[in-house]
Every structure is written in C-alpha cells, then in structure tokens.
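Before anything else, here is the set of structures, which you'll find just below.
Shared chain: subunit A. Partners: subunit B in the first complex, subunit C in the second.
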Partner chain A sequence: MNRTGSLYVTGSSLFHRLDGAVKLVLFMAWTVMTYMFLDLRVFVPMLAVGIVLLITAGIPFKRMAFLFWLMIIFTVLNAIFILLITPTFGTRLTGTDTPVIPVGYNTINAETLFYVLTLSAKYLTLLPISILCIFTTQPSAFASSLNRIGIPYKIAYAVSIALRYIPDLTEEFRSTLNSMQARGMGISKEDGSIKQRLRNLAAVVVPVLQSALHRIDSVTNAMELRGFGTQKKRSWYSGKDMEPMDWTFAVLALVLLGVGIWLKVAMLKGFWYPFS
Partner chain B sequence: MKKSIFQLNTRTVVTIGIGAALYGATSFIGIPVGPDTSLRPAIALLAIFGALFGPVVGFIAGLIGHVLNDVLTSGTVWWGWALGSGITAAFMGLIYVSKGFDPQNGAYKGKHIGLFIFYGIVGIILSLLFSGWFDIAFMGEPSDKLVVQVTAASISNIIVFLVLGVPAVIGFARRNAKVSNLSVNE
Partner chain C sequence: MQPIISFQQYGFKYKNQSEPTLKDITLDIYPGEKIWIAGPSGSGKSTLAHCMNGLIPFTYGGEATGSLRIGGQNPAERSIFELSRVVGTILQDQDAQFVGLNVAEDVAFVLENKAMDRPQMKQEVETALNLVGMLDYIEHSPYELSGGQKQHVSLAGVLSTDAEVLLFDEPLANLDPASGRKAMQLIDDIHRKSGKTVIMIEHRAEDVLQQAVDRIVLMNEGRIVSVGTPDEILSSGILRSYGLRPPLYVDALELAGVPIAELKGLSSPRKLDMPGLKDKLDAWSEQAGMKEETAISPALLEVRDMTFGYDPLHPVIDRVSLQVGSGEIVALLGNNGAGKSTLSQLITGILKPQSGGLFYEGQDMGSWSIRRRGEAIGYVMQNPNRMITQHMIAEEVGLGLKVRGLSAAVIKEKVEAALRICGLYPFRNWPVSALSYGQKKRLTIASILVLEPKIIILDEPTAGQDYEHYKEFMDFIASLSRRGMGFLLITHDMYLALEYAPRAVVLSGGRVMAEDSVTAVLGSPDITEAAHLKETSLSLFAKANGLASPEKFVQAFINEEKKGKGHE
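Right after this comes the complex of A and B.
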C-alpha cells in the first residue's frame, strides 16, 4: 500500500484507460449479476471472463496475490463452517438426500457439498472485477467518477478524504497500540483476562479518537480557507470527458445486466443441481 | 452549537471522511472470541461518531469506512455487512437528535445515557439481522449458519458498545464540560 492508501498500479491497459465511472457501472452490474444467481453455470463463465480481463490488465500477480489467498482462505473456512453447522442444507434446495460423509451428529450429503461448491464459486466470481477496479483506478480519479455516476460531490470528496487518511490513521493506531503494549497494556492473549484486555483497548481508542478530532479541525480549516463547498458543483483535477469506448462499455454492462435479469426470470430461477 | 443533521458543510464532509478512515483503519484489529467473531473497537468508534455528529454522518461514515476496508483488505465488498455498519451508527446517532444532549459542550443527563444504550443495542441487533437477511436473500447462505453468526456478532458488538463506546462518549462529554465551566463576570 502506498501513501495515498490505494493499491493502484500504473499501466496502460484497456482497463487503465477506461473512465472510472464506467468501471463503477461495470462493477455494479457484475455484483448484481452475481447476487441474483445461485447457479454454477453462470459463475463459471463469469469467473473465466473475469480472469481473462485480469490477465489483459497486466497487473503483476505478486501485487494481488494476497487478495486471492485471503479470499480462498475465507471461502474454505466459510465452506467448512456451513458443512459443520448445516450438513444437510442442500436437501432443502433440491428435495433429495444422498448421504456421503458421516460427521457424528449428522451426515453431510452430496447436495450440500455441491451447494458449498456453488457458493464458493459465487464468492470467487465477485473477486476479479473488484481487483480490476481497485488496481487500475487512481484514487483521485475515483472521487470524480463517483461524482459522475450521480453521487453528490461532497460525499465523493468524503470518500477521497477517507482514502487519503486510512494509511495515516492505521499508522497512528498501530503506534498507539505499540506504545501501550510497551507499558504492559497490550490487547493480546498474554496481557490478562478478556476484561483487562478490553480495558487496555479503551486506553488505545481514546487518544486515537482525540487526535482524529484534532485532525478533523485542521483539515476543515484548510478546506474552508480554500473555499470548499461554496458552489453547487465542482470540477475535478483528474476528471476527463467520456470517450466513445467508455460509452460502449457502459452500454455493454447494462445490456449484460439486462440479459442476466432475463435469464433469471425466464430460465435459471433457483439453485442448479445436475445430479437429481 | 448543533445544526440540522442533513446539512453537509465542510466540517461534516471532513468528519465523514476521517470517521470512515478511522473505522476502516481500526476494523482489522480485535480480540478474537470465537469463529468469525471478535471484539472490535471499531464498533465503539461508530458509537462515538454517531453520538458526536448525528445519525447521517454516522451512517455515511460507517458505510464508507466498511466498504473501503473491505476493498483494501479482502478485495470484495460485503454490502450487507457494510450497510449494517451504517445502520448501527445511524441508530447510535439518534441520541444526537434528542433534546438537551450536546457532548461537544458537555451537556448530558442520566436519561440520555439510558436512551443511548437503548438505541445502541436496538441498532446493533437490527443491523445484524439486516446483514444476516441480506446474506440469506442475495448470497443464498443457509439461515441456520447465519443465526449462529448474527448471534455471536450481536453479543460481541454489544459488549464493545457497552464497555468502550458508552464510557468514551460520557468521558468526552465530561471533559468538555470542565472546559466550558466558566461564567461571564459583568
């Protein structure tokens, strides 16, 4: 993570050149598409397209590997969690029951295993498009794109302030935590009972909050002095006009979303299970 | 001085931004108490920002903070839980609207603390129920698993709210009361 709190990687791929607002539209269409279905036949093609797009964007794999690992760890843990708590959930969706793995109090059935596979694919499908957006959009361009898709510029600016200050505040929180730890007031397991650790946590939160409030004051003053918020609209340093390619992609995203809704309504209504 | 809660001036914009950054920056830290559950100080920050700046600022800061944190640490936005953070903060911020409560100037009464605790607990439970419902409806997660998750998260969030959030707000109000405890001598 660099100073601006973003994971932006410079480049000149198609996705780098695409307008931020269009990327946001794509991102939203993709998310809604994924949310609508519980069908492996939808997720596999989407995942494939996503990976192809990722490869063409030319983001070094090293930079985004940690997100993949986090996602995989999360999905696996989530799958185990589901299998242990509701070993026969799949039956509720398909109506059939094919016992496979006995776990003592119940038996995990094939339907649930397939359901967990579908759900994991669903989570993974969400990943490529958000990686594309995060790694190819400049944080300053991001605020102007938010503004372009209709979010009031003050909110967009708040997002940009948040992005700017996340690294600073993380740093500050860490150092406060460390200095408290040095005084024997840490929050890890060795520092005493849960009650004591919570009390120590309180001792960290208060100074961090105080300094955040001071920061609010100084940033507010700086912005007031520069006349922030006096006009109904504002322009952006990194704002660009929409080009034909941007419009093409925006329309494409909406068409895909339309096709998705039609598919959902007409054909792929519920959970897809091929073996029943 | 209190202003309308829907008016966005420079100060509220900055507060939303810094509040979101603070929530995002502290979201990763916590004392783990169970699977997928930890006591996160971030919840206390939502309470503080809600009580000091109102429900609208709280909601937007909670939502933005959660979304940015999700994006930067996991690459995927969990919209249900992000909206949940916003709703929690909005409920905690309801106290800001009640008459006579003004922690910035140290004005608060016993009944405000009672109300604050009530709003906070209701907000935490409602918002987590919402997040759970969102996951069932849009992600297709099994409901039994979410009952476990929502219960665990509610309990740990309520603990943090009561142990960290409420005392921090009271402490903040007291501290400000001392400073303004002067009278004009004519």
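Right after this comes the complex of A and C.
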C-alpha cells in the first residue's frame, strides 16, 4: 500500500487509460464468464489474454506480490483439500473411474485430477484481471465514473473517502499497539500465551475504534461545511469523459459476455473431460 | 455599515443538555474586521463558531433564543451549503478537513459539490492555490505535507468559495511555533489583500497576537465577558482571571511589578513609552535573573552515539547522544520530521538501532525486550484516549500488573498508591468516561507509574489543553520529578520547555544540533530557525526596550514563574 492509501500504481498502459466504470463492466463480464463454465478450453485462452494484459500494464511485481501469492496459495490449498477429501469426485461428473494415486482410505482418480486442474484454472483466470483493476484505477477517478453510470454520488464517494483515511487509522492502530507493548500488553511472543495476546489485540481495538468514530464525526462536519450532499448533482475534479476507446471496450465486454452465454447454452454445457 | 454577523441577546442550548451553552450573546461583527474570540475550554467559543457556520442548527440541534443574522438573514431559514458561501470554515483538525486524495482534489471539493464544470474548476483550483503559495504541491498527497501546509490547502479550499467571512477554529493547534507564525502571517496577508472578515477562535494569546487583530471577544461560561482592542484587554489584565495566559512579556511586566493598567501598546512586544521602565526592568532582571545552580545528577538513561535508518547515507537518527538524570526534566525539541518520535521508539525498543548504545543506570539495555524496557522507561502518548482500553479506572491502572501475574492484593495496593499520587484516588471506582481530558491524561500517567519506571517519556504532554489545564498537569509532572522521576518531554511547545525543563536537546534532521539550557537554546537564532522554533516574545520585548541583558530578563521571568509568585 502506498502513502496515499490506495494501491494505485501510476502508468499509461491501456488499462490505466481505460475508464473506471468500463473496467468494472469488463471485470464483471469476465467474472460471469468464468463462473459459467467448467471447461479448460475456455479458461486457457482467457488466462493467456489476462497474463498478456497484466504484463503490458507494467506493474512492478513487488507491489502485487502479496495479492498474487495469496491467491496462488488459496488455489493450491483448495486443490489439495478437494483431492484429499473427495478423491473420486470427478466420477460424479463424468461417470467413469480411472484410479491413479492410492491414498490409503481411497484412491484419487484421473477424473478428479482433471477436475481439480480445471477448477484451479478457473480461479487463476480471475487473478490477472483483479490485479489489473485494483492497481491501475485511481480511486477518485473510479468514484467519478461510478457516479456517471448511475450510482448515487454519496455512495461513489464513500470509496474514495475510505481510502483517504485507512492509512490514518492503521497508523493510529500501530502507535496504540506500541504503547501497549511497552506496558507489557503487546502481541509479540514475550507477552504471554496466544490467548493473552489475542486479548491484548482486542483491547487495542477499543481506543482505535473510539478515535475512528470521533474522526468520522469531524470528517462529516468538514464535508458538510463544504457543501457535500446538499445538491442533487456533483462534478468531479479527477476523472475524464468517456472516449471512443472506452465505448469500444464496454461494447467488447458485452459482446464477449453474449458469446459466452451462447457458447454455454449451445455447445459447452458441462464439465469438459477429454479422456472418456 | 451593516454587520455581516449579528447576535442579539442570543442564547443556545444543545438538545440533550439541561443548561444553555450560550447565554445572552450580543455581538456585531462588521465586514473587513479581524476578530479574535478567546476563552478557556468550555467557555462556549466553539459553540459560537458552530452558530456562525451553520453546524448549529443543521448538524447539532437545540433551542435558540434571541436573534442571529448572518449576511442579513436568519441562518435557520437557509441551508448549511448556502451559509458556507458566506462563512468559510477552516477546522482545527487539519487531517479531518483534508478530504481529498491529493491537494488539487481537496481544494476542488467545494467546487465539485457545486457541480462546476471540470475545465473551470481546474482553473479556479490553480488560482486559489496560488493565493496561498501552494501551487507547487498540487499533485501531493496529504501524507507528503506538514500540518501547516495542510492548513494552507484548507484555506485555499475556502478561498475558492468566495466566502466573505473566514472562520478559523483553533488555527494554531497541532502546529510547531514556526508554522504557527507562518499561518498567522498568511491569515493576515489574506485579510489585508482580500478585505475579507476574519474570525479566529483560539486560546493562545502569545501566538495569535503576532499579527494585529482589531477586536478581542473574551468568553467565559457561555457569556461574552469583555470586548475590546488588544491594547485595552491586555492593559486590563483580565485574561488570566479567565484561565488564559497573556503574552509572556506582559506576564513578565506584571511579575516585575510594573503597573500595566497605565501602559499603552501592550499588544505586541515593542518599545513601551514609560519613563524609568528600562531601569526598573534591568534592576529586576539583575536581582531575579540569577541562573539556578542545577546539581548534576547521575544519568539514569543514556543514549550513546545512536544511529538508525535504512539508508546509510541519510540516517533518520544520526549519532545522537543524550542523558536524562534522576529528577531531571529534559526537553527534546525539534520540528516535525526531525526524528523525535523515531528516537523515542528506539529508546522503548520498538525500533532497533543500527549502531550505538542505550544504558539504564549504567547497564546496557541493548538486549532488553520492549516489555522489560517498559518497566524502566514509561511512554505516555499525546492523546490519552489512544491509551485507555478499560472501562473502569482501577482496572485500567492495574492492567499492566495483571498481565505480569501479580496477586490481586498486591495489585490493589499498588494501584491505590499510584492513584493517590495522581490525585485520582477518590475516583478509583468510577468509569473512565466520567473523567475530563486532563484527568484522563493523569490516568495514563498512573497506569505507567504502577510499573514503577524511573523515567517517563511524555509525547506532547500539553497539546490541545488551555493554559489552566496545561499548568495543572505540568505542575503535577514537576512534583513527580521532585520525587526523583526523570522526564523526557518530546515537544515543539517552546513555552512548555522554557518553564519546566532546565535543559533542552534540539534535534534537527536526525542530529543533535544543540544541548544547553532552554534559555540559551531559544536565545540563539541559528538554532531556533533550524528547529522550527522562534524567538520568544520575552527576548523580542527585552531587545525592543533596550534592556541590558535579555537573557537575564528571560531567566528572571522563569525564576519568578517557578516561585509561583504573583498569580496565585
């Protein structure tokens, strides 16, 4: 997280220039596509396109490393658990059973292995597009484009204002924790059992929450005194007007979604298993 | 001329309170005036400000009596937005006021709410930023700005609305002395250039009066007790009777026995026209201005050659050494970013130094854990609300002992002893919420005292408190130091240092740039400039009146203050 509180990384790639609301539409179309199918033939091209887009955006890997590994670890754990808990789940989808790896109480079969592969590809398809949307969108520009597609500006602005004050709150939390630590009520190993440390952590929440409420009060006053929420409409300093490119991508997203639905209905109905 | 703001026998009672907060207020403020509304905490001055900017009645409801006209109209019949076009408010909390993700967005906030077109908005933002000299920072995020700079941005945001009245709610809170001086200067410039009406709510006379004001409105217990020019108010000597502190040189004149009622031109530290004044003050400085011999106490805490920083070429803390002895109060002065808080984190063990040593009674603390250090060196945060986690007073104080596994009887005994020292014993069975801000502050000290440290680090101990509470708290700290407790005061309040700390360490850019008596430090222009401090009005006054030894004059003032003469 950078000092402005958002994860935004400045740049000028295609995705950076794309309007925030269009990105949201694209992201939603992408997500719907992903959830509709259980077919590797759909996921592999989507994953490839996603990775190309991600690479061209030029986001330093260090910045997205946390989110990246988090999602990878989640996917891997998910795969392992499915294999261990339901080693023959694939049979239910294909009707065949090809035993491969014995695990004592049961045998993992090829169908389940392929199912897990497909499922992991499904989750990973979402990875590049989510990272792209999060790291290339300036929060206030995003708020402004949300407002344009019909979201009330008070709700759209909430995104921006939350990002503005999250770093303040984390800083407050950290300094309170430090002062508690000096009184022997920290959350490090020397401060006692896990239970005691959790209790200490919970105690810190009280003053931080109180100060957050106080902060909300003064920020609300500050905003009201400057006329927020009194008019029906509001304009935005950050953000820009829709350009032909934005329209193109919005239409593209919808077309993609249409094609997807047609594919789903007409051709790729269920789980694709090439070896049966 | 029509007044722009007019209160007539105005009173206000908040919805859930039984007593009115404002009583019988009659006040006319005329266009182009510069007004200072003064008063101790709880005097009703913030409520008065809320009435002017529309937070009352639109956010805080209640019953009003009498009449109030703003720009000739009754505010209750308008909206808070319409009012904001007449009265622009700059809040005390610079972070709460700064709602944009960068400078430009923040200045544009009002314009956005007016639904102004983007091209016109960009132009207006630049014009407003130019007025306050912040155009170079247009892309900066609030985290890259100092408190003073954030305030400049807020001012630009209000200027872009063309409001006729600028209302400043405690503009000096949270600013270091140099930034405070700049803020007052900027306000004065804008006032002069634009002819706008300026209203300031403050309790620090010394700092507000750095630039001329037209009238002072003095409030106490919800009423206006006096209105007059600064000269009139200062000569009448009534500030102190309402818990406010006059500028230090006026204090000094009183201590020296000069009859201030007969003096004219007290509002700034200039040459006064009074026969024999110089001789009288010189004699007083000579007689009272002896430097106290301070017995050198053995060092309890010693920081030796400490260096910290991830970039070896620009360390955050660069070979810093300092000592705090038993019973000693040492002030750690310096501007924001000089490394004061980093140093305190190094001492408490939250950060680990790259090199250098830390000694407690001669023992090397380098390998001590944070917890063990906490038993030797207590750390008290600026805002007590950030430290208090328990509901009941006795529990809060005993918390640190409980986690150490002491028996209930021992805890009770120690807690009661600490509460007695802090004057909170009668409240031991009360909930924390029943305490005032100052009492909470003492409660945090009590919860540190039970751990029996020999040194306490106080971070900005007096921020946001008016003079009466400030003095009460610091006298309490001084009494603890007489019991042998050592204190390191981290502060940018020079008056605090001047009066309570015999010795000061000045940090600038991570280095110790001076370690000397506070009088000497504040008397040196090089040091004060580098550390964002400023010359005190005492020495300015002494120089303006051609006194023989300004330093002795300052020392005489400190000595007499310490004796507690005159004002009690």
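Quick note on the criterion: the second predicted complex is superposed on the first by the 247 of 276 C-alpha atoms of A that agree within 3 Å, B and C clash if a C-alpha of one lies under 4 Å from a C-alpha of the other, contacts with A are read in each partner's own complex, and residues count from 1 in each chain.
Keep in mind that, in the parts below, a residue touches a chain if its C-beta (ideal position, glycine included) is under 8 Å from a C-beta of that chain, and two chains touch if they have at least 3 such contacts.
Treat the numbers as computed from the prediction; the structure is a model and nothing was measured.
Enquirer: After superposition on the shared chain, which partner residues are touched by A:219: those of subunit B (first), subunit C (second), both, or neither?
Expert: both
Enquirer: Let me test your reading of the model: by the given contact rule, A:184 touches which partner, first (subunit B), second (subunit C), both or neither?
Expert: Second partner only, subunit C.
Enquirer: Between subunit B and subunit C, whom does A:235 touch in the aligned arrangement: first, second, both, or neither?
Expert: A:235 contacts subunit C only, not subunit B.
Enquirer: Just checking: does A:74 make contact with subunit B only, subunit C only, both, or neither of them? Give me first, second, both or neither.
Expert: first
Enquirer: Return first, second, both or neither, reflecting whether A:159 touches subunit B, subunit C, both chains, or no partner chain.
Expert: It touches subunit B, and subunit C stays clear.
Enquirer: Could you look at A:176 and tell me whether it touches subunit B, subunit C, both or neither (first, second, both, neither)?
Expert: second
Enquirer: Please indicate which partner A:82 is in contact with in the superposed arrangement: first for subunit B, second for subunit C, both, or neither.
Expert: First partner only.
Enquirer: Which of the two partners, first being subunit B and second being subunit C, lies in contact with A:206: first, second, both, or neither?
Expert: Touch status of A:206: both partners.
Enquirer: A:192 contacts which: subunit B (first), subunit C (second), both, neither?
Expert: It touches subunit C, and subunit B stays clear.
Enquirer: Give me the intersection of subunit A's contacts with subunit B and its contacts with subunit C, in residue numbers.
Expert: Looking at subunit A, the two contact sets intersect at 5-6, 160-161, 163-164, 168, 204, 206, 208, 215, 219-220, 223-224, 228-229.
Enquirer: Please name which positions on subunit B make contact with subunit A in the complex.
Expert: It is residues 8-11, 13-22, 24-26, 29, 31, 33, 35-36, 39, 41, 44-45, 48, 60-61, 64-65, 68-69, 71-77, 79, 138-142, 144-145, 148, 159-160, 163-164, 167-168, 171-172 of subunit B that touch subunit A.
Enquirer: Hey, which residues of subunit A end up touching subunit C in the complex?
Expert: Listed in rising order, the residues of subunit A that touch subunit C are 3-6, 139-140, 160-161, 163-164, 167-168, 172, 175-176, 178-186, 188, 190-192, 196, 200, 203-204, 206-208, 210-211, 214-215, 218-231, 233-238.
Enquirer: Across the complex, what residues on subunit A touch subunit B?
Expert: That would be residues 1, 5-7, 31, 35, 38, 64, 67, 70-71, 74, 77, 81-82, 85-86, 89, 119, 122-123, 126-127, 130-131, 134, 152, 154-155, 157-166, 168-170, 173, 177, 187, 194, 197-199, 201-202, 204-206, 208-209, 212, 215-216, 219-220, 223-224, 228-229, 271 of subunit A.
Enquirer: Given the complex with subunit A, which residues does subunit C contribute to the contact?
Expert: 53-55, 58-59, 79-81, 84, 89, 91, 93, 95-97, 99-102, 104-105, 108-118, 121-122, 125, 141-144, 157, 161, 345, 348-350, 369-371, 373-375, 377-381, 383, 385-390, 399-400, 403-404, 447-448, 451
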